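To keep things simple, chains are lettered A, B, C and D as they appear, and every chain counts its residues starting from 1.
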């Protein structure tokens, strides 16, 4: 079994016009969506798309989301979002994020999301290694300590 | 069987800050969401909530949406959205909308949506009167000619 | 000068269909928008609308947002969102939130947002009591200890 | 002056999880946002980004939006959006769109948006060729008849 580290590249994202608000900056709620986009991209790079997890009957539910807004993001800019799994257990996962301007690398935001795994059939939390061992061991190969 | 006309009051809606864009006005995509809110409110006033339809296995799918932007809407304002069923058949429905400023009654937008009815189980369009006769006859009592 | 406590009622909010995702629940990013709606409603109840603050050239910017997802919210339900100012200084404010099902009062979510005050003209943080003393003293009358 | 035709490639877009609704498909309001993304990408390919237009004080305002929903789009899929200017005058522009599955090329949606040009300073519609002649002549080089 392969247990080598998997390296995930940051996710690049153009700011959309409809994401701005009347302050002339990206509305803060969109960063939570960008975190999700980065997670989905992360799993795709890892070789196990989130759509495949949901088709296997497992949802990666969000238990908590946290976002610090450090500097403003505007239309016309692009951001790069680095996501990393900082904690992983059979029942929980923490993903941490850093959003930077893709040109200047200035830090725009940092945050994290906490997750559990839900079986659609049972409607309740599950141990991921038992339900989807391949996905769990891929996640394990992505865990990074600070 | 009751066949009297059902009168539906306009739906009142405060503009949310997150609905604005950097032009300082409500982003045009939100009007399509407001139309949906008005439809949902319409069915609730009619006495057959949209959640009840979906629980009965029927979705009212959108086939087309059209919106004219007549004057700008800003944060701090409220709008009232008048929705009316202008066409109804066993397989199709057209809903027309007018959005007005709730204080001045100035017209902000007009539009329409076309719909069909989908059975979740079959995954295909159905004749509503056969599937949910109560809902269909309530819709009939709301049809308004121009 | 009036220094009596101001009591703010929870903000009631129907779940919108477009706020759901394919898990059949409200997408987690929308809670951050609901927090904002509750803040805006809070200021309106307080007698100093957020639109009046922005017209006076002051934005209440978001520095951090945190949300715990405790139980799921579905279309057809309503929530009530209790917001309270738990910390207030000349340059910072913390607002805490509890989202409950409006019928059963079951806790759906808790969270907080941290804010600073920005002058549009200067483009930089300001001391609110100096810039908009009326707003600051209204905020003071709403502060609640736990 | 260069008057050769400019060819614009379709805009490729992954479906985001937060764009789905409880029907398990992309919520119809998002197509209006995708049209905007395609317009912004169009202008970028054309060599005159929309951010540059707004910085020059000109907004391309939306007067009408229309979208036909032909087949459903799901999470895990990508779409390609072909945008073309079908009508252009000094004061108006029509952009037409076709959304197709990026793998199978099956048609998902067709639609259009009508626009006018607004001067931020004047707050009123303008003749684009007089205000931003470079932008107008680039638009001219993109016009396609059916």
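Points to keep in mind about this one:
Convention: contacts are C-beta pairs under 8 Å (C-beta built on N, C-alpha and C of every residue); 3 or more make two chains touch, one makes a residue touch a chain.
Predicted model only: the values in this text are computed from it and were never measured.
Taking each chain's centre as the mean of its CA atoms, D is the chain most distant from subunit C.
The pair with more inter-chain C-beta contacts, choosing from C-D and B-D, is B-D. Averaged Cα coordinates give subunit B a centre that lies 29 Å from the centre of subunit C.
Centroids built from CA atoms put subunit D at 35 Å from subunit C. Mean C-alpha position of subunit B lies 26 Å from that of subunit D.
Shown for subunit D are the residues in touch with two or more other chains, namely 17-18, 22-23, 29, 33, 36, 54, 75. Against subunit A, in their complex, subunit D makes its touches with residues 16-18, 33, 36-37, 40, 49-51, 54, 75-76. Remark: subunit D residues 17-18, 20-25, 27, 29, 75 touch subunit C in the complex.
Residues of subunit A touching subunit C in their complex: 22-23, 28-30, 32-33, 36, 54, 59, 61-69.
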